[in-house]
Amino acid sequence: MVKNKKIPLDEFLKKREQILMHWPTGSSELLDFETAKAYLKAVPDEKNFAKVLRKAKAEGKTLIQPRAGVALLDAHIELLNFLHKEGRADFLPSTIDSYTRQNRYANAEDAIKQSEKQKRSLLNGFPAVNYGVEGCQKVFEAINIPVQARHGTPDARLLSEIIHAAGWTSNEGGGISYNIPYAKSISLEDTIRYWQYCDRLVGYYAEAGIELNREPFGPLTGTLVPPSISHTIAIIEAILAAEQGVKNITVGYGQCGNINQDIAALKTLDSLTNYYLKLFGYDDVFVTTVLHQWMGGFPKDEAASMALISLGAMVATLGGATKIITKSPHESQGIPTKEANAEGLRASKIMTTLLKEQTYPKNDLLEQESDLIKKEVKTLLYATLNIGKGDFAEGVIKAFEHGLLDIPFAPSEMNQGKILPARDAEGNIRILEFGNIPFDDETKTFHKKALEKRAKLENREVSFQMTIDDIYAVSRGDLVGKALKQSKELLHEN
Amino acid sequence: MHTVVIGVIGADVHAVGNKIIEHVLNEHGFNVVNIGVLSSQEDFINAAIETNAKAILVSSLYGHGEIDCRQMKDNCVEAGLSHVKLYVGGNIVVGKQDFKEVEDRFKKMGFDRVYPPGTNIEEAIEEIKADLT
Amino acid sequence: MVKNKKIPLDEFLKKREQILMHWPTGSSELLDFETAKAYLKAVPDEKNFAKVLRKAKAEGKTLIQPRAGVALLDAHIELLNFLHKEGRADFLPSTIDSYTRQNRYANAEDAIKQSEKQKRSLLNGFPAVNYGVEGCQKVFEAINIPVQARHGTPDARLLSEIIHAAGWTSNEGGGISYNIPYAKSISLEDTIRYWQYCDRLVGYYAEAGIELNREPFGPLTGTLVPPSISHTIAIIEAILAAEQGVKNITVGYGQCGNINQDIAALKTLDSLTNYYLKLFGYDDVFVTTVLHQWMGGFPKDEAASMALISLGAMVATLGGATKIITKSPHESQGIPTKEANAEGLRASKIMTTLLKEQTYPKNDLLEQESDLIKKEVKTLLYATLNIGKGDFAEGVIKAFEHGLLDIPFAPSEMNQGKILPARDAEGNIRILEFGNIPFDDETKTFHKKALEKRAKLENREVSFQMTIDDIYAVSRGDLVGKALKQSKELLHEN
Amino acid sequence: MHTVVIGVIGADVHAVGNKIIEHVLNEHGFNVVNIGVLSSQEDFINAAIETNAKAILVSSLYGHGEIDCRQMKDNCVEAGLSHVKLYVGGNIVVGKQDFKEVEDRFKKMGFDRVYPPGTNIEEAIEEIKADLT
């Protein structure tokens, strides 16, 4: 079984030879390590993700980054430059298409051709593997700020090789966060191995004095995920990455909607990740946090979406996140036009600058929520470590198997899916069904009581219907889901 | 009790809507065969044959729906499922497009009904019930 | 000199005869009091401003209202209905044009004609006096929610007569708040008299069992007004109105931008108004608060404006305001199209519904800011009362004369204009020059120290340049104004 | 030292920009005659005659600028001020309009320069200085 142990160099290099053969673009000379290292060393500081993050955190700034990617290279470059110039983006992404994410490079090739013919993107992202290092370097060279690959790829080994060799100084993903929400039947053992490889690659460059950033995907399914669950996954992925030599990690969190819970979550995400990294012996890892603006279903209305986006930027800034992944007013409809994408960015930007001098005041509620998160994360981390007999890699696999770790609404068969979240009366995400999540009785009672309080207020039972109502709620303009009958009335009212 | 096949087509992993559709169809008394996410046309067709389903509800959220659904009606007919109603919904194309045009395109491809983003599944079920009886 | 004493009925009725002769529409039969009372009594609850406010406050809701008004009657009605249906407005306004505000009804008549010819509004609002009760009733009858006159009219006596008789159940304004920011050389003595008349009219209807709402204009010049100053004016105007028999008052406040200060301001506005009304013997006045979204210069960018609007809606909801006056993404450019106006409304609406279950937690900063506001308001109120020898009407006039009350950047010659505000390091509005504002040394030292802290951080002097930078700041995306040189760089950066 | 008249025309009470313009023009060494808000065309013209001003800077924020500025150039010429430069700025028309068109309209009315909403006064001063020397 896979262990949380750094891959020995020779093993890594041997593996690498195979990986590069997965698709013709893997055989590019630019993937020669010496060539790649020279290329990466020449990346100026202001285009290096890791360094820009360090600077921003030191200055207490919150920077912004969109999602964006299209099938055709020139259009992709144009899109990115537009988002930098018209959107005031601080970081650029290249969101990878869904065929590439499933390693279906042939499908992607087909869709590129179709897109060229029809002169519009038929892909939901940029097929980086098909364009290879050469294409990706074109992207890197055409823009003036750091670029990152954002995807959802269980096996991103070839993709990671290509993008880093092309000067892309950050890579999103992780063995858990790019499996459970993004796959159906791939084992965690496999994806952890795949991502150990991706991390080892970053560690390899680190040994050569090249600092690259890695970002576990925080929001998971984006659907009512309790902060302690996503924090635990983020911390474990940070530990797995650190073991492979990664030195610059951004842990993420998806806006839940209750301001107090969001701020407690962001602050504890930073402190807990730092704490546990050090506790487990990874002393020299630089940690930043990223807030993902609302990751669930968006309202159809664009003006309402702008408000939701603004609220996300607000909690990110007050919660001290170093980065925000922004949404656009087209979110509920489809991949945004570049104009709509830039609108989401500019709204976010001004929120970060307007609020940069302000802090969320210390208060009892914040402390209570933070303490709860800390306690729950501790429970989940140690349960994972215990079942893994001291090893986090092994622990994660078994923890999911036994449902000690469980992510709501995930497609993966590796996930028990017994946990059910719902919101309490103030809109905090709580847990309705624990499945096998190993919380102590006190904690469970806290969640239960919170939901009972809401149920009483709404004059109904605590039940799965609450969860469903909560899933729909934000797209209907509420945070706490109204009982279906009421919402129907509401819908007609609008 | 009508049997219907539901699932999410292509390389698409959006699971939330799929789980809710299953739940709500069950509540409305359907016999639901859920093949889940990452399902191919073949998966849908095989499930429909095996369970003698009256309808197939294809979800596509991630934008590749247009590519993934090519020839689906023909493939159904070929498999002897010409009588099976074919529905599609979700965010079935890339980007915000005029829905009338999108609907036309998918209807030409042989889908009986085409649902826009954020469709209220309760309302769709009423139409589907009417179609099947 | 004018006193804070209820106008005797006979005097009021005599005055009324003269007022109604100011313009031909004043002679309408519909202005006969018996006719008007009958009309107002038939107004259904859901179209009565006062009653909808009572219901909303009881339910803890925050409702929304735009600004809107055009020259032509049909277009005005269409506009209002659009804002109700497409904007989800809970209250409708009729913003009155600037000629009417200066009682230049002949100019307005001319502009109506011109507008009819050119088929577009050449007026910045709805000329209600020219349309008379008949026209205003058409407006009232064509819409399904309460409507209010919003203006800035020093002498609104004829206007008030006309709109109330037409079923408009609320009127904005006050003898101070519609003078100092809206006039140059009209005396406070005059405008207080004028508004005592408007309030007496509402009191007259109240005696007949008809509840109308009155709303002093809270934000004043909308330009860095310290909360204690605008609160003091609001409370005095509430007292003056209550004396004339007004029973339903909405006191207002313009968003300042620091979340904590805004919430402290909204909460104290409610508590202080209630407290002082009772203290001075007005026991049965129902008080609500309204937040005006950012009243200073807006950013040019529409997406950024949407974020600013959303921030305003957020503090309004968390601060427990019963109403929000919304802005639009066109604010910096000109009177908004109905579509842009509706966007501002819908963004505000979802913010109020998303956050309706949430509260801003109790904390030390909030308490500190609230205490400061309370202390300052007390000082200003008693200084006014003292100089007025126990009478608020007389007191206000003398207080402005001596600069005990002083409003930043006001055009009126009745105002000393010696006070200069500036933001502290966290963006709270503080006072840089006190003029004759009678704060005690402790309070002055607090303001001074706060500004010195900022100056030190920015490595510059406390000076008028800070105020100027702060005036520009929000339109440039900051809350705390950057020193000019820096802002120039910023401007180029964008 | 150039003398310039500034003020806000018509029934307009927007005072903030006016106060800042005064401050900044002073800092740039102009001799500023500020007639304030609520000023008529006559007020501007009289002030310019009395002070022998080189330029008149009209502010209009509230939307009635187009009406308030009618005939202003003619009235200046009639009063013997044909040599005096005429500037206008602020939010000079009702609503968000294409600024090119607005500029044209006001230039036809005889204004030498027309400034759009939110003009950086520092930048405008550079142009005005150049005009006057």
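Observations on the structure shown:
Letters A, B, C and D mark the chains in the order given here, with residues in each chain numbered from 1 onward.
Here, contacts are C-beta pairs under 8 Å (C-beta built on N, C-alpha and C of every residue); 3 or more make two chains touch, one makes a residue touch a chain.
Here the structure is a predicted model, which is why all the values come from computation and not from measurement.
The greatest centre-to-centre gap from chain C, using C-alpha centroids, is found for B. With each centre defined as the average position of its C-alpha atoms, the distance from chain B to chain D rounds to 65 Å. Rounded to a whole number, the gap between the C-alpha centres of chain A and chain C is 44 angstrom. Averaged Cα coordinates give chain B a centre that lies 54 Å from the centre of chain C.
Within chain B, no positions touching two or more other chains are listed.
Residues of chain C found to touch two or more other chains are absent. If you sketch which chains touch which, the chains link end to end in a single open path, with no loop closing it.
By the definition given earlier, chain contacts exist for A-B, A-C, C-D.
Chain D meets chain C in the complex at residues 10-16, 19-20, 23, 36-38, 62-64, 66-67, 91, 93-97, 117-118, 120, 122.
Within the complex formed with chain B, the residues of chain A that make contact are 98-99, 101-102, 104, 107, 111, 114, 120-124, 152, 181-184, 221, 223, 297, 300, 330, 332-337, 340, 409-411, 464, 468, 471, 475, 484, 491. By the touch rule above, chain C contacts chain A in their complex via residues 88, 257-260, 299, 301-304, 306-311, 313-314, 318, 342-351, 353-359, 361-366, 425-427, 474, 477-480, 494.
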